[in-house]
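Worksheet for the structure shown next.
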Amino acid sequence: MDMEEIKQTFFVECEEQLAELESGLLEMEAGEADSETVNAVFRAVHSIKGGAGAFQLEQLVSFAHVFETLLDLIRGDELEASADVVRVLLRAADVLSDLVNAARDGTEADESVWQPMKAELDQFINSNGDTSPSGAESAEDEVPVQDGPDEFGFEPIPISLDMFETEDDEAAGEYTVRFRPTRELFQSASEPLFILRELSGMGMATIECDTSNVPTLDAFDPTASYLGWTITIRGVENKDSLHEPFDFVEDQCELEITAIASGEATGALEEVSEDDLSPPVLEEIVTSPAEIEVEVAADAEMADEPKVQAQVSDAPAKVAEPSKQSANAAPATIRVDLERVDRLINLVGELVVNQAMLSQRVVEAGLTETSSVMMGLDELEQLTREIQDSVMAIRAQPVKTLLQRMSRVVREAADATGKIVRLRTEGESTEIDKTVIERLADPLTHMIRNAVDHGLEMPEKRSKAEKSEEGTIELSAAHRSGRVVIEIKDDGAGINRDKVRSIAVEKGLIGADAQLSDNEIDNLIFLPGFSTATEVSNLSGRGVGMDVVKRSIQALGGRISISSRPGHGSTFTMSLPLTLAVLDGMVVTVGGQTLVVPLTAIVETLKPKNSDVHNMGCDAAVVAVRDSFVPLIEVSEKLAFGEERTNPSDGVIILVETDEGKQNALLVDSIQDQRQVVIKSLEVSYGHIPGVAAATILGDGRVALILDVGELVQHVPGSSLNSDQPMMLEAS
Amino acid sequence: MSKTILTVDDSRAMRDMLKMALSDAGYDVVQAEDGVHGLEVLEGEAPDVIITDINMPRMDGFGFMEAVREDQRLRSVPILVLTTEFSPEKKQRARDAGATGWIVKPFDSEKLITAIRRVAA
Amino acid sequence: MNTTANKSDDEICEIVSFSVGAQEFGIDIQSVREIRGWTEETVLPRSPHYVRGVINLRGAVLPIVDLAARLEMGPSEPSARNVIIVTQINDQLVGLLVQSVSDILSVNKSQIQPTPDVASDLAKNFVRGVLPSENGMLSLIEIKDILPVELGEAA
């Protein structure tokens, strides 16, 4: 473990704290916060500041400090957390997050953003009457220095020793320290022994103990303090440093430090003091703790609590036994490296493959279905699937953080476009595989920005349309029939179908006289090359179209579509697989190769007759399916598997449907069977191949490619087929 | 024979830093995540020194120290408070709750060890 | 191409020597993960001519590069007697199809001579040095660029 690793840990914790901060502030905004929420919010910023200080992240510290001060006022009920204040706090939280990221990435945060924010926070603090704490000079951050001029815990006795001090005395570096603990010192579990030890280490010291106050046994009070010490110390350069050992106990003892005039004998106790009787002089030069110990033990056994004794003299080695108990109240959790989880998932994936291979070999070996071996294998398969499900569940996380991130996106988008927007979220506890969550962030962000920018109208326009000025975006996540469904619904103006249609025609995406249903028009926005940003706004002028969003969702094995009601708003619906690791597929043969077609894309399979196939133009073909004509795609040709063309009547047609409802007929040689396969990423081990989604390992140990139907039916460079022309499609 | 120090702090980064500094100085380190957890750990062996943060969820440093001081067995275990907040009021409050001494964050190893040696063997 | 300069010249490195076609090549053992026999690959559509496909390496998908084809020495026609050298390039595992593996040699860094200045680009790109060997000359392979860089997410 080294500082770098700890720094990483710190940044991970910062993420957690920032999430806590945001959710707490949102509760405060919604008026649902209690004092514990406010405390948690304070602690989050306090934690970040504390850690940042340890790593000397100055800017972060100074901002966090002001933020924390303001929050402290709120939690101490000195400042009310009104709606205005909470809004400011939310913005401050965003700025804090940026500063954390900058610190983590080693970049500079935008001063023009955080300095004014800091000043704004200061204003709130000042208007509350407190002195401004901005800048790190507040007393809170300094090492506690002695308070005030009264350095000693008691009134100086009338005969002040100070009048004997001269400059020479101080230069000689010889001092007398008188130290008499009060009972409070022991109650705080301080131990004079260690204090004296530290003091005597600062120079050449002689320590004398004054036991004159120790009463007889019958008058003895075990909690009282009867001892005092006089230490004469030489060779100390700085008188102030003599106070250090007493740092913790200054208000729990009588302490007097005076310089000795040079030439005076050490150890002589000539100054008169009320407390100073002539004590029996104990051993000289007791710099060795053991010796002091002996003396102290002899006289002070009653003054200290028995336990202190044991600590001083014996101090038995206590084996550190880390507590195995964890929190009882909250569900027990442990932190695991993501790498370990991934490894586990890979291993389980291989287990599934191996088990499938084993089954296959056993079948090939000719054992009957009912034999005990087969039955055993069936049980093995069950177990393996269960293990797989459990392991996949480890990586599943609630989407809460993702949804919360979106609230910041909404805030910023609303600010940038001048619209008033409220985000409502539902289904925060819905669990999705962690990697899916991460890869959803960008597409979701873009869709939300889109909804704010293009979906929602400006406040004036909304009130004219008799809507509330504040637009609402509803973001929800839920499990539905084995998949995760995420919806983004806005109550804006809906899709301007005429505009969309004309843009599509203009860009050559559809024919001028194409007949499209309303829904089909709505989904045109997902086509590559489509963009409605005729006015480049602050947000969307970056040229990232909805087609990129769609590709991202599809890359996760998901589908996306949009539906809209003019005047009332639009809804994006995304459906994603629960897990990225397995897939139900149809195993087919194409051009001598084995491929897998994802079951979710398959509508039906057909055995075509040659008479059903019609050519169009020189290089395209369609097949008649009941009442309509569907583009025919020869998979072996698309993937360039060889020169042989499959005769349609010799092969099988798999009718597939893409997310927009486009249908295509894939011509393959034959169908082997249908089974669940473990997905192996090809991109990681090799790279992306158009038309191929991933790979899998079949029961016979060979690698088979999994088709990406969506990509396959699009125009694949180099192929002769051009199939993204909806005008060839007739509604089926 | 090495001494045992119980560190109570809800920040893992902070616990790691303390552990690093203390182990290097030859101490055995036991960790807890907050006041409640700290008390659970203390049901086992008593450490030689306790170092605790103030601001923690579930039970903060003050509550923790008060609970520790109520236990006869633990009354004389020195407790050092680790914190960024440092007004005289906070110092007094810590003292009232049972603190022996304090360490200011950000700490450097030397100051940490000096503080420990000031209250324990 | 110069020999690697980050170690002292006195250091020994171990080289796995193998043959491709009639030529002898070598690769630093530190890049080698394992050596196994050849099995038939699953073809990858639209891949470069020297990428034969992928095979199953204990549950992982391993791309196989025909080294002879990569060095423009003509495609191999492998059989069970051929060998796959599984190498690690950055985070990726790549299998190199070669004819046979000969030996593991301990070579002093100072023995490695810089690549002769021949006209071939391929030689310059893939050979990082040469060694005199029993059979004549052994060329040390640079595998960093064995797989083309353009392979990645298609837009």
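Order of writing sets the labels: A, B and C. Residues in every chain begin at 1.
Note that in this section contacts are C-beta pairs under 8 Å (C-beta built on N, C-alpha and C of every residue); 3 or more make two chains touch, one makes a residue touch a chain.
All values derive from a computational prediction rather than experimental measurement.
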| Touch graph of the chains shown: is it line, ring, star, complete or other? | line
| query | Which chain's centre, taken as the mean of its Cα atoms, is farthest from the centre of chain B? | reply | C
| note | Here the gap between chain A and chain C, centre to centre from mean Cα coordinates and rounded to Å, is 42
| said: Measuring centre to centre with CA averages, how many angstrom lie between chain A and chain B? | reply: 28
| query | Cα centroid separation between chain B and chain C, in whole Å? | reply | 58
| chain C residues touching chain A - in the complex, by the definition given at the top | 40-47, 51, 53-56, 58-63, 92-93, 147, 151-154
| message | Which stretch or stretches of chain A touch chain B in the complex? | response | 1-3, 5-7, 9-10, 13, 40, 42-43, 46-47, 49-51, 53-54, 56, 139-144, 147, 186, 188-191, 194-195, 197-198, 245, 247-248, 251, 289, 304-305, 307-308, 311-312, 315-323, 325-327, 329
| message | Going by the contact rule set out above, which residues of chain B touch chain A in the complex? | response | 1-4, 10-14, 16-17, 19-20, 28-33, 36-37, 40-41, 44-48, 55-58, 73, 75-79, 84-88, 91, 95, 98-102, 104-107, 114-115, 117-121
| said: Please output the residues of chain A touching chain C within their complex, sorted ascending. | reply: 346, 349-350, 353-354, 593-594, 639-641, 680-692, 695, 697, 701-705, 718
